[in-house]
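What follows is a set of structures for review.
Next come two complexes built around subunit A: one with subunit B, the other with subunit C.
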Partner chain A sequence: MGKKLTLGVVAALVLAVAAAPPAWAQKGPIKIGFIAPMTGGAAQVGKDMLNGLMMYLAERGNEIAGRKVEVIVEDNQGSPAVALTKLRKLVESDKVHVLTGGLFAHVGYALAPKVDEYKIPMLYPVMAADDLTQRKPSKWVVRTGWTSSQPSHPFGEYVAKTLGYKKVAVIAMDYAFGYEVVGGFQKTFEENGGRVIQKLWAPIGTTDFAPYLSQIKRDADAVFALMVAVSSLRFPKQYEDSGLKAKIPLIGGGTTFDEFVLPSLGDEALGGVSPLIYSAAIDTPINKRFVKEYRAKYGKVPSYYSETNYTAGRWIDEAAKAIKGDVENREKFLAALRKVEIPDAPRGPIKLDSRGNPIQTIYIRKVERKDGELWNTVVKTYPAVSQFWTYKPEQFLKDPVYSRDFPPCKYC
Partner chain B sequence: MSGPAPANRLVVPVVVLAVLLAAPPFLSSYVLTLLTQSLIYAIVAMSLDLLLGYLGLPSLGHAAYLGVGAYSVGILTSRYGAGFGTVLPVGVGLALILAAVFGLLALRATGVYFLMITLALGMVAWGLAYRWVSLTQGDNGISGLPRPDVPLPWSLAGAIPFYYFALAGFLLALGVLWLIVHSPFGMSLVGVRESETRMRTLGYHVWLHKYLGFVISGGVAGFGGVLWAYYNGFVGPTDLDLSTSVEVLLMVALGGRATLLGPALGAGIIVFLKNLVSVYTQRWLLILGAAYIGTIVYAPEGIVGAVRRLSEATEPAPARPEA
Partner chain C sequence: MDFWISQVFNGISYGALLFLLAGGLTLIFGMMRIINLTHGSYFLLGGYVGLTVIWRTGSFPLAILVGAVAIAVLGVVQWRLFLHRLAGEELGQVLTTVGFALIFQDLALVIWGGEPYTIPAPAALTGAFNTGTLYFPVYRVFMIGVAAVVAVVLWFVLERTRVGAMMRATVDDAEMAGGVGIDVRRISMGVFALGALLAAGAGVVGGAFVGVYPGADFEILPYAFVVVIVGGMGSLRGALIGSLLVGLLDNFGKALFPEFSYFTLFAPMAAILAIRPTGLFGRA
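After this line comes the complex of A and B, so read on.
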């Protein structure tokens, strides 16, 4: 009996040595800290984001680079101060290896210095504030999403040249994201011969647009609207009801017509043209599979929030693989994250520029009805668009960041 | 508050203080940051207690003073590289000035009208933070603020030193407020709360008492705001919004009005509930709501008030002139 046991132990040891997994496999799981609004006004967006990430990880059997993955979800209620508290918890208490998530730009600005202080890599798949990769870059933030003005630059050219509008009135949400989306559009639109003849700013969360719609200059060729969340739901209907839709076509920023709001909109949204880094209607096998499986799993069409977080999961996966799962070495992990290139994300090829913002395809999309549903049909693609569009980065960065007053409204 | 406090009343605070002093090495750094946050919120809650508890004036705009203190840190350190020695007096001073201006407007009313005016004034401060972009950077807020540079042998960057720093701030605020409410001035504030007409007939300047209480309360909240900005390294309009004011009001109600330590306890309970319960369930708001309703129904005088009532029911009741 004793002999058998000894033999057994020896055999087990031999086997264990022979099949010894690399050292890292004995470490615990790779822990991903995820921060997003899970309660409050933006809870549904937070849900879309989390769904995207979880779907990717589920596809990989919850394993990255041979290690199990654990996602720790924290709700920041959309507030920067709460996000900071949750960041501390995730880093100090949960000891996560990498962070991701975040929705609002001001949360991004609040988190970046703390992330640098902790020296822990954090992905920004959604938070789009321009300066995070322009005038106030942060070493440990890896933006896998976009800058607010990135889709607007090609769109300005498209509206002036292809759609041929000469005069555009703007109505937009009165905060940084609005300024940057509108600013990027105005810059390239006016450089291509267009004129922004009016800029109206409505506070975030505005639901009654009658006072603004009555002010819109009736000689505009088009109205550029930048709406988010609850305003996106209300604006197109009120625009139609005011009788403007029949006279002046509606164009806008990507979030005005994104897949998150489309299912709640009706015919009033038809014909809306907008640019973004994603459309659920992108006609590639990879995206079609993504949309099909996302729908099967969550019962709705993925929005760009889902896609960017799905891709963020992939991003972490690729980087962890490149360093053989050694995510404890944060410097090495960060370097690997910065080197990731994804040629076949659902939204198309992505790689980072030298300042850490993705160079990616921008889609000009038009809302159309297909099989009874609203879709953002892609009408034009601009491949490999950088955050600086065609400008030289040094030249571009000499201008201040887009704001309420920049670029100035010369033709108002 | 009624004559010399019995020695056993001091036992609990002394034990709590000893625990607060000795705890840090035994706590995880995350719990320690929550405790730091509780102490800072406790300062703001106690400042509101001076208004709500001792003067009977429910303010829904207290976040404004917190915001002024916090923005003083944000603007002075990020633009002018000002040190703690400059920021602290400026932050508290500006909060005092703001309270002096708001007090002139708000004290024209009482009860629910006072609530409405302070709410409106609080929103004005929020609006300024949000829209005065050239000064406050608007919605983005001011981030990357350093920890205070105090002439101490150790840096406040770490969690433990900053905790003791916040604890010192808390004790300072507690001491100041304790002295005030136990001074003859504090007694007359309670008198004003109980019966303005009687105090007036006795020859007190009622309005001036309320005004001074209002201004001091704002100044202490501003002090809390200064610490808050240093703690977070960030200040933004969300620090000033209505939900912050409401939260502080709930801390006071939960802990017990006119007890000073009650609101501090309330601050701790709410900070910990918010952050610990949310780990286990997304429905943590429900639990928080249930806690509020439970307090209002079963302990309208708050936790500390309820404990005092129970302990007094078993002892011979001391005379309570303010009741």
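After this line comes the complex of A and C, so read on.
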């Protein structure tokens, strides 16, 4: 009798569990925590990022894997310290299920250990510091963006072989992102027979580039410039005014000619060649639709910041679907996030390599005027480029991360 | 030789921009002793207003005029309602003006967005004078010219006119000045307005050179203070020499020792202040 009762209870329990609606139906919305600068100098970049994410979610009716989505936006004013405070708030009091956003490499480095401590998945659609998926990987960080040196590797080859430049002078922003973009370029450029004959490092926030420009070696075949945000706005003009543009062509890292500044630039930017994981001018139906709808909604051409965050929304969507919305199970969610493959993002097909950085198309772009606007016309595509380019990862990782002095400037 | 000529030219032209900015600050901070941390905001807002005028009318001179006058009015309102009550209260001035700077920053973000812009210079001011291997961008020559004109006019007004004498009297001893029948309040307001006017004008002229973007206010502010402190509080000549010094130091530091560019800029300043705590031309 006692035994039968026990069995009966067990049976009833089993039935009850089986008959219960799926767990997520009662759990309320999936909460996404978004951290980016919303005020201060980088506010517009933060806005571009948020626009991308919100546009994706709106297209899905703000629903992912059958659950409503709630985005909680936190402003870190571009500061790593504030980002950490906001991270704690999002995890501890808002109880978000996943985090995304972030701008600037040093913010990325600051957040990663804390994200690991909280054991909560965080997407890095923009922060590109190489070592986060190379020598200092972080378990809970899912990089859906890029490494700084990733577009530079094919570009070095392109400049040496296709453009045929032999000697290049470099001027770049004096911080980690600059070192990594320049380092990747120098490595492959010199392996293909080119020579970097000069490296000038300008502090972030340099207003007047004239002292650097007057030093540029005049026998260079091209000048490689890495500028970010406001300096991208100033540099091309000063380059032209110094009389250099007429003599030495300007090439550079992708952010030097980003869509973010192109509308504010004029003829001085024309002809600039640079590589990146995205161009608003990519000629595919998916990207054309993306650009058209983004413009209709926000009144401007999407930058790579918008695209990567749009795709981050898709990324969360795909992973949540794969685990049927059970995002409360963080380990499972993380595993699903790492498995996502997107064959048709606006920027092309994307999947993660074994160290968690996207393998994706790199676009070589040239600034041209079309219908009165400046666009980054794609002149060549390198499909399926990994952060290690054509090198064996083990071999590549034996070198130190790119820095001011690595690779050394042998021909300076 | 080319190297030295072009570096000196670059240094002077950057110093010219700094003078336009610091000339206003030397009036407000140096002469009136109001620690005005909103000065950078005048520069930025002047740039934004100028930008709007250019978009509407396409006229560069009009942009400078409207930008400068609009911000001068703003400065006067700020002075009338808040700052003149805080005479001599440095802490109160710092807190109030930082507060204003932050409010202006966010207002600018709301009105003009966070997009970085440059003010399009008229075609006549673009390009470069070219002699052999030397290039002198026209816009830099223009900045030097504007700074020279402003310096001469300011000097003339302050030293050679009745109004200038009234200004100096007000600044030196407001009570006595009032006693001999000078309208101290109106003169103070005028000096403050002139300071804001110069900063905003510099914002439009500089906007074509460094751009107009959120954060420019706090980027440019320390340079202005350094110029005024090194040159000496309240001395127009000090502001002029200080600007040239900072422009040249900044330029040669970057050109000769790029790794130590901040050091080469700030170390000589520390040395000057150690030897002459009142700045080069300041009075104790």
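Definition applied: the second predicted complex is superposed on the first by the 389 of 412 C-alpha atoms of A that agree within 3 Å, B and C clash if a C-alpha of one lies under 4 Å from a C-alpha of the other, contacts with A are read in each partner's own complex, and residues count from 1 in each chain.
Definition applied: a residue touches a chain if its C-beta (ideal position, glycine included) is under 8 Å from a C-beta of that chain, and two chains touch if they have at least 3 such contacts.
All values reported here derive from a predicted model rather than from experimental measurement.
Participant: Would you check which partner chain A:Thr85 touches, where first means subunit B only, second means subunit C only, and both and neither mean what they say?
Facilitator: So A:Thr85 only meets subunit B here.
Participant: Could you figure out whether subunit B or subunit C reaches more residues of subunit A?
Facilitator: C
Participant: May I ask you to decide whether A:Gly243 touches subunit B, subunit C, both, or neither, giving the answer as first, second, both or neither?
Facilitator: The second partner, subunit C, only.
Participant: Should A:Ala110 be classified as contacting the first partner (subunit B), the second (subunit C), both, or neither?
Facilitator: first
Participant: Mind working out whether A:Lys288 is in touch with subunit B, subunit C, both or neither, as first, second, both or neither?
Facilitator: neither
Participant: Once the shared chain is lined up, is A:Thr39 touching subunit B (first), subunit C (second), both, or neither of them?
Facilitator: both
Participant: Touching A:Leu233, do we find subunit B (first), subunit C (second), both, or neither?
Facilitator: In the superposition, A:Leu233 touches subunit C alone.
Participant: Which of the two partners, first being subunit B and second being subunit C, lies in contact with A:Lys324: first, second, both, or neither?
Facilitator: The answer is neither, since A:Lys324 touches no partner chain.
Participant: Regarding the shared-chain residue A:Ala129, is it in contact with subunit B (first), subunit C (second), both, or neither?
Facilitator: After superposition on chain A, A:Ala129 lies in contact with subunit B alone.
Participant: Just to be sure I follow: which residues of subunit A are touched by subunit B in one complex and then by subunit C in the other one?
Facilitator: Dual-contact residues (subunit A): 39.
Participant: Which subunit A residues qualify as touching subunit B in the complex?
Facilitator: Going by the criterion above, the answer is residues 38-39, 74-75, 79-81, 84-86, 88-89, 92-93, 105-106, 109-110, 112-114, 117, 129, 175-176, 403-404.
Participant: Using the touch definition up top, name the residues of subunit A that touch subunit C in the complex.
Facilitator: 39-47, 200-203, 205-208, 210-212, 214-215, 229-230, 233-234, 237-238, 241-243, 261, 263-264, 266
Participant: For the complex, which residues does subunit B have touching subunit A?
Facilitator: Checking each residue of subunit B against subunit A gives 28-31, 33-34, 37, 133, 138-141, 143-144, 159, 232-234, 236, 238-239, 275, 278-279, 282, 284-285.
Participant: Given the complex with subunit A, which residues does subunit C contribute to the contact?
Facilitator: Residue positions touching the partner: 3, 6-7, 10, 13-14, 105-106, 109, 113-118, 120, 126-128, 130, 135, 137-140, 209-211, 213-215, 219, 250-252, 254-255, 258-259, 261-262.
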